[in-house]
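In this document, chain identifiers A, B, C, D, E and F correspond to the written order of the chains, with residue numbering beginning at 1 in each.
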Amino acid sequence: MSVKKTTTIVEQLRRAQMNELLALNKRLDGRGLKDHRELRIDVGLIKKANGSALVSLGNTQVIAGIKVEVDEPFPDMPDKGLFICNAEVLPLASPYAEPGPPDEDAIELARVVDRGIRESEMISLDKLALISGKKVYAVFADVSVLNADGNLFDATSYAVVAALLTARVPKYEVQDDRLVKSEETIPLPINTVPVSVTMAKIGNSIIVDPTAEEEACMEARITIATDEQGRVCAIQKGGSGTFSVEELSEIATLAVSIGNNVRERIKNAVAPASTNNDNDNDNDNDINK
Amino acid sequence: MSRLMSEEGIRIDGRRWNELRPVRIEVGVLKNADGSSYIEFGKNKIVVAVYGPKEVHPKHMALPDKSILRCRYHMLPFSVEERKNPAPSRREIEISKITREALEPALILEDYPRTVIDVFIEVLQSDGGSRCAGITAASVALADAGINMRDLVAACAAGKVGGRIVLDINDEEDKMGEADMPVAYLPNLKQVSLLQLDGKLTADEYRECLNLAINGCMKVYNMQREALMKKYFSTKDEEGGSVED
Amino acid sequence: MSVKKTTTIVEQLRRAQMNELLALNKRLDGRGLKDHRELRIDVGLIKKANGSALVSLGNTQVIAGIKVEVDEPFPDMPDKGLFICNAEVLPLASPYAEPGPPDEDAIELARVVDRGIRESEMISLDKLALISGKKVYAVFADVSVLNADGNLFDATSYAVVAALLTARVPKYEVQDDRLVKSEETIPLPINTVPVSVTMAKIGNSIIVDPTAEEEACMEARITIATDEQGRVCAIQKGGSGTFSVEELSEIATLAVSIGNNVRERIKNAVAPASTNNDNDNDNDNDINK
Amino acid sequence: MSRLMSEEGIRIDGRRWNELRPVRIEVGVLKNADGSSYIEFGKNKIVVAVYGPKEVHPKHMALPDKSILRCRYHMLPFSVEERKNPAPSRREIEISKITREALEPALILEDYPRTVIDVFIEVLQSDGGSRCAGITAASVALADAGINMRDLVAACAAGKVGGRIVLDINDEEDKMGEADMPVAYLPNLKQVSLLQLDGKLTADEYRECLNLAINGCMKVYNMQREALMKKYFSTKDEEGGSVED
Amino acid sequence: MSVKKTTTIVEQLRRAQMNELLALNKRLDGRGLKDHRELRIDVGLIKKANGSALVSLGNTQVIAGIKVEVDEPFPDMPDKGLFICNAEVLPLASPYAEPGPPDEDAIELARVVDRGIRESEMISLDKLALISGKKVYAVFADVSVLNADGNLFDATSYAVVAALLTARVPKYEVQDDRLVKSEETIPLPINTVPVSVTMAKIGNSIIVDPTAEEEACMEARITIATDEQGRVCAIQKGGSGTFSVEELSEIATLAVSIGNNVRERIKNAVAPASTNNDNDNDNDNDINK
Amino acid sequence: MSRLMSEEGIRIDGRRWNELRPVRIEVGVLKNADGSSYIEFGKNKIVVAVYGPKEVHPKHMALPDKSILRCRYHMLPFSVEERKNPAPSRREIEISKITREALEPALILEDYPRTVIDVFIEVLQSDGGSRCAGITAASVALADAGINMRDLVAACAAGKVGGRIVLDINDEEDKMGEADMPVAYLPNLKQVSLLQLDGKLTADEYRECLNLAINGCMKVYNMQREALMKKYFSTKDEEGGSVED
């Protein structure tokens, strides 16, 4: 059972102020309508994880960690590895977050991020089988939101993608139907870098990467993940408003072009780490800006 | 050519690319509910009940200026191939949320301040597209409950199967196909209130798929209207001027 | 911890009105004291279940589905199949039902229905073993109440019994200690058709098949399941009132004779379906009356 | 002849068909509770505490005209052969409910409006018939708590074992026997407040069984009275005219 | 998330009265500051448990039962048996206890008792392996508080220790890598008898074995378990007050000397039972004082 | 000599017996929180946020004369070798409790009646001593939130490893060592607010260990002060006389 809480009077006031600015193609923080906030990606902070990334998108801050285990495959997919994505908005992330099991927002967050990665076929799950029908790699991506200031979808997605790109997993040899763990580690089999782009509709404007303040005024939200070929892989509309068909057409075009920019930034962020993965010096990977 | 689509463009269940599965909608199937409906959409069989507008408990949760809409999408244990645990899964929780968001723009919640409206969607048997069928039936049940609405909400998916954009994906096409895109549409307001996508589409295919889905929604909309007309206008004795309950 | 909620003033008013009628051997809906409401049983609505039945008892409406899986037996009963019965009162069934795990009423409902079927030995659980100590059929009966208007016990029991009578389960061959599923389906091994009869005590009257309105006024309730030989197999008294020994004696006699009538109705309802099980035309099995 | 019943009509634990297992009842065994009792009934060992009548939280749950009775039947993890998870099982939840319904007719709840009375039954060791032993002990603990009662509630099962109707089924007889019928009885009001049956009985056997169980309840009732008398009348200093606590 | 509830006014009044007495080295119940209340230990009450003990410490009453099962060892400790300790404060134990899963107090209680037993190496877990890496004894100690009147830590610990000392577990033979249960039972392999001593600080006084009334006024609590060699094995400070280093030094000395006394009492209590374990006459082991 | 301690008294990670692991403390790392901190203590990496003093919900839970302190110690799933279930374990619940009790004596809760103060400790990566590092960081975050305090709380463990009493046990030493004793200390009040012990110590070793741990706490205290000074006194623009938020 899900309930949407709203404080309508505050919403109406904010909407007025924001709409005045939006009519002038301006935003409260000075950004253009189609600009992301500053994106910072630090990888490798968590040595006990197979991969990790700390992402700041403006004041939104999330941390993702990848843990790779050996597990049994699903009976109907004996030769496919497992990918499991969980998200939680930690109670320290905002005055409104509370301890407890994930609520519908956190569940949607995890499932939308999962969908972008799964549908783009970012990871070749069929290369993660170890012993057919018996043993496969299970890739757990756990993301925690440390500071919530809007657009958790993109920040979370970038963190998981960056953590997956830099993850190193133990190599196994199969000997007499049993697995022997080797000292060597290998990267995950990556096909593409999917990029999530989230937009909000406020009045007649479509804005990219909404802040928490903007989200409080938006009618609707849409998240689109695209792959390196510019294909749309996953969409999720949210919020209690609507989009016209024309808006949805424009949004897809924007998602591809903005996605291409962000993809370059993600690739740059993970490049040094991927060549330099065993470097234990993490003074540069500071949680503090 | 995939086994999902013959060379003549015939799909695995005999339909053409732009054809819906058989649909049947009944209105007012449950005695206790304020509004209810039953839908068969392909092999989907879904009952929906609406309770409300009614008092909110605890009272401090009420909104001063409008009604709260709550939705629950739930599958019975025997509705799927493998018996499902009756506790709500993460998938059911997500669908409950997007269902609420798909229905909310059609409702004039401001007419019922300090109340709550409950929509319960129970999937007796599930096929591909159960979330769309649930939204379609819920919209009818809300109308049956007499809730003030700006529009109905009609929902239908389109997708890519065997390389072609087709309407209304069934279970097998969902599992083996390339993309599935559920859409909910407000036909008179010409607005999309639900859009999801699983699977890869080029930007052009995306637009084609969206338009085809909306096309399907318009067909579903006509069936919703028919079902409501059948209940409310075939016999004149059920509609009066007074508000009962 | 269980709490009984009562609205005493309404109860008292209703009790007065009902008692006046009962003193004249009449009921609010015109039935005789010992009459069931109209019973309708439709089987085979759910093709994804091994068996299913939609039962209407007046305005009470329930749906039961049978799922048969292969599972391990209990260690102390290596040659017995499993029968598991669950019931839930769906939140759409009444203004008072709420989402969430089964409460004490739903748990009692499931356990009483289970008891009637189990103690009558309706299903030969010892014919459900596949490989001794390793593999047995596990028969899951899940019942959901769609509309609650009193006497959920009988409606639920009839739905499960009818669904079991019409269920068809995959046949397995044992080859080298492994199970091979055949194309063929077989019915469950049935011994008897148990019938549940529920009565309520209001004032000095014993009435059969109480409506929700009658249940709100009843002092006590009793459910008795009998088998084809007229034996009593399961009893459950409920409610915060009592019965005298004389009443309990009369009730048992009634349960046998009423049970015999209902048993015929159940057998008639399942007869066409059991000969005609693969018919995919379900237009007659309509949830709507 | 079954191994549960010898040719001489002697049962597996040496009893005759109409004999109870050894019973011991103590009153007032726990310091904090408003009323308490301890029962050994065969190998059953059960402690019961009563708290109340006391305020209801949250207040809006209170009933204006009477007290709410709440009962919890609970087994300790080591009380049974296989260690039991401490969380309440479905069986415990059902027994809690029928225990409340067995006790309620004996209590004058109208004397304590807007309050709640809690009955906690903890099974330290379980044998056949623990629900009956729990009800018997709870009734004594309620009397010890000074709650106004119309009658005591005495409980005892009868059943069919090795082809014969016998009194007070133990664990082994329950597992191997043909039928078990727990009964709770209000001896002065001559009313049955609990009746369950597991297993097959002809209509005649059912009546025989019911009468035998009530016979057993009368024996249990005498032991309840003795236990209460022992506490309240062996020394005169604990019963006064004033309401304490 | 944990909240501490306090009723400060009552606390202050009690504190005043208690402090007056404590200044004279007296306690409300007449005990000396360093005295335990009367300790009574009855073992063997629960025949269905492998071991059991009912402990009264003044009006605090707890019952512990030991259940021994065969289970799989942890992968990283293939040759160690398992010891699992759970505690619950039953709702009948006090007007403030409520039904439900263990709260933070019950969890702390179980973990502190577990720690004293585990860290003292009371049980030789390495003698509880049956088949290396596959089968070990799993010793479950479940404790339930029946009446709560302060110092649940010591009462619970004594009950578990006494139940372990008198437990008898089935002997298994290993035949062809499978376990065969013999008729014979054996005691658990015991190294030492750890003793828990709990003290409370009220004002400037340190008192042993606080009652519930004293606990309501205490600033802080400390529980120290010592072994037969007088070594400190486990400590847990509780409560929102503090201790000085000098107090902590004195407390450790006290814990050893008081512990030695209690140890003798425990050993005496279990002595007859351990020689007389199959005696089915439990009339002496009465829950009633 | 154990492999944990060389003949020259050098520990497995190169430290001497009385040496702390490298420590780094940052203040004010999270934007939304009223106070926050980040600590690296060896391989421990922990973020702490403080929210409050703020209103209590539901209101009847509020205390009339002081603030309620709530603490949650929580480990992220990837913070340990084996992926941890995100639901709170019994260990986390115990540490949350003793953390609250370690911090409470330092806070002047009487200054904020009818409010609640929330402390959230999130372990991003865990090493031996994470509870001490969490308490240390929480104390700094409480100061950063402007909560009135009598003292800071500095925490550090000592223990016995390879037969020697040493300061600040790391993960491997914890697993293979003989004893671990976490201590929290109020340096100005000279009071111990947390003391636990796992493992065997003679009475003399216990005293040596306690003193060594307090010694470590004093070193930690200096780092806490430095971190706070760095934020609040390196630039003058963040501290004003008015109460904001």
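Here is the rule we go by: a residue touches a chain if its C-beta (ideal position, glycine included) is under 8 Å from a C-beta of that chain, and two chains touch if they have at least 3 such contacts.
Treat the numbers as computed from the prediction; the structure is a model and nothing was measured.
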Sorted by label, the chains bordering both chain A and chain D are none
Label-sorted list of chains bordering both chain B and chain F is A
In terms of CA centroids, furthest away from chain E sits chain B
Farthest CA centroid from chain D: chain A
Chain B and chain E have mean C-alpha positions lying a whole-number Å distance apart equal to 58
Separation of the C-alpha centres, chain A versus chain E, in whole Å, is 48
Between chain C and chain D, the Cα-mean centres are separated in Å by 28
So chain F residues touching two or more other chains come to 72
Check: chain C positions touching at least 2 other chains come out as 1, 99
Contact graph of the chains (line, ring, star, complete, other): ring
Around the ring from chain D, first stepping to chain E: the sequence of chains is D, E, F, A, B, C
Given the complex, residues on chain C that touch chain D span 1-4, 6, 8, 104-105, 107-108, 110-111, 115, 119-120, 222, 227, 230-245, 248-249, 252-253, 256
Counting only contacts in the complex, chain F reaches chain E at residues 61, 63-66, 68-72, 90-91, 93-94, 96-98, 100-101, 104-105, 181, 186, 189-203, 206-207, 210-211, 214
Seen from chain B, its contact residues with chain C in the complex are 26, 29-33, 36, 38, 43, 45, 47-49, 51, 54, 72, 74, 76-81, 83, 86-87, 118, 120, 122, 124-126
Note: in the complex, chain A contacts chain F through residues 45-49, 52, 59, 61, 63, 65-67, 69, 86, 88, 90-95, 99, 101, 140, 142, 144, 146-149, 286-288
